[in-house]
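Take a look at the structures listed below.
You will see chain A twice below: alongside chain B first, and alongside chain C after that.
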Partner chain A sequence: MTSGEQRSRVRVFGLRARLLLAFLVVAAISAGTTAALTYREARSALLQTAQDTAVTSFRDRVQQTGFSLPLPREDLEGVLRDIARMGKPHPWVVFAEYGSIRASSGENPVSTVITPELRRAARANPHGSFERVVKDGVPYLTIAMPTVFKAGPDSVLPSGIVLYAVMRMTDEQLNVDALLMAGRDGALPGLAVALIPGLIAARSVLRPVRKLRQAALSMGSGRLDTRIPVRGSDELADLARTFNESTGQLERSVRELREAEERARRFASDVSHELRTPLAGMLAVTEVLDEDADGLDADTARAVRLISAETGKLAVLVEDLMEISRFDARAAELNADEVDVAEAIRKTLQNRHWTDDRVRVELPDGIRARLDPRRFDVVIANLVGNALRHGGAPVTVSLHTEHLGAEAHSPGTAVLITEVADSGPGIQPAVLPHIFDRFYKADAARTRSAGSGLGLAITLENVKLHGGTIRAGNLPGGGAVFTVEIPLHTEEADG
Partner chain B sequence: MIRARTRRHAAAVAVAAAVPLLGGCGIRGTDVIEAGGPASIQAFVNPDYDMLLFFRSPDGGLNPVVRTTVPSDAVFGTEYLVSGEVEDSGVTEGPVPTEKVVRSLLAGPREKDRAAGLSTSLPAVRAGGTVAVERSSGGRVTARLPLALKGLDSTALRQLTCTIAYSQGGDGKAVVELTGQDGATRSDTCGLDLGNTGNVPTETEPRARPTPSGTTG
Partner chain C sequence: MPRVLLIEDDPSVREGVELGLRRRGHEVRAAATGEAGLAALAEFRPDLLLLDLMLPGMNGVQVCRQVREHSQLPIIMLTARGDDFDVVIGLEAGADDYIVKPARPEVIEARIRAVLRRLDDSGPGRPAIEVYGELTIDRAGLTVTKAGRPLTLAPSELKLLLHLAAAPEQVFSRQQLLEHVWEHSFTADARLVDACVARLRGKIEDEVGSPRYVQTLRGFGYRFGPL
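What follows is the complex of A and B.
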């Protein structure tokens, strides 16, 4: 869970980042568009006002000035300077063209800013006109003003005099720049403010998601009663509700399964218990019958011996069933004691009368381990008995210890390894995965075996109880080998 | 791959949307934009003793020139006049006769006009040539001129037409028929006037003027 949280924090394009990014993009687009449109409108309004003022006041000034025709060159510059002095909204430079006369209120009689297009427009039709020109980064307003005069009461004639005004738009430039700055300064804090709703939205989405994830993890670790608090009525609340319902159904199914399993186990346990008492009586009777069988006629004697043998097998089966029921009910206890392992194995073989040359042992002395002597006895007896029954003599029981994962500086885990190998044909590879299953018949044809069919399953449970493992395999030269590995807790404690 | 393509498309769309929005910060140049009518200046034309002559400007157009006929001892206008400029005419009242105006035009631009770059397209005419002007009904004016009309360019003809038309009446809209010594005739109107176009701002009269003298001969 902690590693998961770290992962989500490291994630760059997580839900939170994407939501924030989306909010920022939307805010940037709207702020940018608004600022740009406002700027454009304000700029054109600003320039429009300046231009209209300039054109109107220039026309007024010109109209208040008297000219004689033809225009005398001599005092023309003085007249132009008078007009220039009254420039609005800024001082302007006035140029005049008449015939071949070129004069101005400034130093040069001809302007470098006025374009041929403006000149042509002023000559072609009698209209005032202006043109904005940017020269060397400085914006200028150039105005052309053709003049007319009254030749009679109803008669207006073009005089041939064209006046030009050139005005620097420095102040307008400053105002436009200020507009741009204002737009920018307004948009950037807007973006910062947009982060707050973005964070809130991300939080409102991420919190239920995080809770859902924690609940799923908690369920995975076995707590099926995990539920999420449902808040609100949005899609995430629906998801939480669905999750809770599914969890409830899952919990119910699992509980039913467990109860069914429990019932089945208790049934097997009860059946074994109920069978044991009558079987004990039957065993006592069959022993008597066995003794008297020699006095009976041949057929009856065979029948009596068959009944006796089968009753004995039934007794073993019932004992095994009870044993495995205890494992299933987790009622099996480990009564561990420190024992000499080689000694324990020898005692087992002696008790089963496997002391002839059918069983060979390789048992080094001095290996001590904490084991349950009775259960270890069952393990060894089952394995050797199984080997003798299904494999072939001779059976070899060997014992040694090993340090698994041992390295130079750490001793690793010390394990006790017991191997039981036979000299039979070995185990078919298809059978190997099922060899420890209950009532599994390695040979389908041999439906009746001497064992109960639970021997290896009980062995496996006993080894597990010791915290060890058991595996089956085949030797390279033929013959099956069962390997039991049990951790040596004693050495660990001593060392 | 499809994702990358859509992403590229989205970026292209964003750029295409941003360019016209952000395009052109600051002040940009414009085309020539028309803004209102021309300026109406005060040229001090008095139809009683001023005449309008049309000469050729360096760019090929016609420029009107005001020439006064007031005697040099008149109180008004002396400061504008150099000696010898005043026409030697005994007429001191009413509009200047058209014959006299045409003779002045044929005499060509004076020093002052030439200083402003004005010239004439008309050929030099011997002094003493007679100019006869008749006014017929319907605002039609017929002028007999002491020169051959053949070979004159359009500027010369317009100089004559406009000068005669404006010497006849206030609005200069009369149809002028010219007859030359060679017998050729040309008929035209001046067409320079802006009085009726409507887009000229009408100004209040800066000074009192006599009533129009359309009926006087």
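What follows is the complex of A and C.
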């Protein structure tokens, strides 16, 4: 699992979550609004019907009833009971107020449900008023109807008697509650169902995004020919198309750069190759020049010796150039063999005639490692030669092995550590980062050193070919030290 | 001084090497092509062949094979380091040693001397003729026979066999063999040893796949026997 996948799992408010949330919110709002509107309309329609029926029938009853004044209380109660029997759509209790007389069709002459507002409204409006009242959780419809008598052909006068009807609206309330339940029960599955298109939409957005991410990762790991299949013509398809075009351009640029680099490398290699053949002829006759120079006149002798000496240096330079070109072209091979490292270092010093007290060694016996002997020889010879030329004698070559990252349970990685330290002034801090650069001159005044200028670069490449590292530094007491670390693979050789 | 036949197509190298070696007292015959070199072989009768591998027409590898068919003439090939493919092919074709160009005449001469030098390991107590299985080694006459049939061994193959057989069952690392048989120090390529062992096995072993005389100890080197 890559770290990117881990991130996407941990991410809580990712694109998918946000899309789903958005879908849910939209669905909830629309379902809620619809339910609320339906509820309101249905509720009012239900209640309206009930109360219209009630108000109309109450008015009819009241109008059909004749009141002869004065009206004794007992007669009034009888009339009220007559009206109460004809309650529509539900039974009602009828109350009457006339002056100080209070009468009803029920047990209490005065209702607790009728509000003062209704009483005021009843006196103001001769056609009757009604009010919905909720008392102790029970809904009531209260209707007030003043009685009138005809005073002329077009005018009526209030008789002073006001009749009230109180009707329980429990059935309507139950219906409304049922409506509410129905709305809620419908909205919740609706929301759940809304998740499905949400998921589909998220998927259709996320899949191209995921593909884009994978393609970008693939590009990052160096596969510049990565392309995304473009499907459809939406914004994501545009994005994919743009991605493909950009990667195409990037690939072209990188290819051009690589080709240019390859040409430069091949050129260096070709030049070295071409130089080598004439050099082989020249180098073969330098001895003749050196021997016969003594018999020539002074100027000619100097010229001849110069040519001879420079031919030798040129041969070294060309060989080094060829070597570095092979490293660049990754054509350098490691021909590893198991060797006694101390013996190998001693042989190197011996072959270069560094056997006097200019070079001291601390070489414990019995350290064996798989090395390319020729390349290890180059490493040691370059480091010691460099130390003698640019540092100062005596140069110390020391050798030991270490277990890096060793713990109680694991032995860690065994590495072979070779150190070459000199007694010179050390390396300037500004020079240290560039010490392994090709043709790097620590001292600008010295345009050409005794070496080719490639010695340390080749040393670095040889160490890297062994899977090792090399670093340069200064000793606390002065003097430069080069440390080569090469992993030991002796167990492979034993197997 | 040994007589050297030089086959090299590049005029400056040919002339330079010829001049350098002649100054050191060698008798040198130079040829520009493989065909001319082979023609000069019978007439000049050299002690050693210096052979450039990259030749026009008949290339160095072909020359090497043709010489090896009927001759134990020491062959040193001239090569350029990095042309690793050439080195391996040349060694497989039967070359005894190689020199990386460009090289100074002193280096070339040191190689020539090393290839021509006889192994000085015939101690006083050692019998002149040793028999190992079917192999009979005559150190004085420098001949090897297998089941009575004489073997044609190149100088490097013979020296390697003599060196290994001088201490049966003792393991020699490739570096040790390079140093004692070829007189190379650590600067040489250990594939020289591998190629020579492969050629020697091809001549003395019954089955090259499971060698009996020259055995490999992986990670350590080679040894003679145990039979």
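Heads up, the rule we're going with is that the second predicted complex is superposed on the first by the 476 of 495 C-alpha atoms of A that agree within 3 Å, B and C clash if a C-alpha of one lies under 4 Å from a C-alpha of the other, contacts with A are read in each partner's own complex, and residues count from 1 in each chain.
Operating definition for what follows: contacts are C-beta pairs under 8 Å (C-beta built on N, C-alpha and C of every residue); 3 or more make two chains touch, one makes a residue touch a chain.
Here the structure is a predicted model, which is why all the values come from computation and not from measurement.
**Student:** For A:331, decide between first (touching chain B), second (touching chain C), both and neither.
**Tutor:** The second partner, chain C, only.
**Student:** For A:358, is the partner it touches chain B (first), chain C (second), both, or none of the two (neither)?
**Tutor:** Touch status of A:358: no partner.
**Student:** Touching A:288, do we find chain B (first), chain C (second), both, or neither?
**Tutor:** second
**Student:** May I ask you to name which of chain B and chain C touches more residues of chain A?
**Tutor:** Between chain B and chain C, B touches the greater number of residues in chain A.
**Student:** A:146 in the overlay: touching chain B, chain C, both, or neither? Say first, second, both or neither.
**Tutor:** first
**Student:** For A:255, is the partner it touches chain B (first), chain C (second), both, or none of the two (neither)?
**Tutor:** neither
**Student:** Could you tell me if A:279 is touching chain B, chain C, both of them or neither one (first, second, both, neither)?
**Tutor:** Second partner only.
**Student:** Have a look at where A:322 lands relative to chain B and chain C in the superposition and call it first, second, both or neither.
**Tutor:** Once the two structures are laid over each other on A, A:322 reaches chain C alone.
**Student:** Same chain A residues contacting chain B and chain C, which ones?
**Tutor:** none
**Student:** Mind pulling up the chain C residues that touch chain A in the complex?
**Tutor:** Spelled out, the residues of chain C in touch with chain A are 10-17, 19-20, 23-24, 80-82, 84, 101-106, 108, 173-175, 185-191, 218-220.
**Student:** Okay, in this complex, where on chain B does chain A touch?
**Tutor:** On the chain B side, the touching residues are 18, 21-22, 25-45, 47, 52, 57-59, 61, 63-66, 80, 112-113, 115-118, 166, 169-172, 192-196, 199-200, 203, 209, 211-212.
**Student:** Considering the complex alone, what residue numbers of chain A touch chain B?
**Tutor:** Checking each residue of chain A against chain B gives 32-33, 36-37, 39, 43, 47, 51-52, 55-56, 58-59, 62-63, 65-73, 98-101, 115, 117-118, 121, 123, 126-134, 139, 143, 145-161, 163, 169, 172-173, 176-177, 180.
**Student:** So in the complex, which bits of chain A are touching chain C?
**Tutor:** Touch residues, chain A against chain C: 273, 276-288, 291, 312, 315, 318-319, 322-323, 326, 331, 333, 335, 337-339, 344, 347-348, 350-351, 370, 373-374, 376-377, 492-495.
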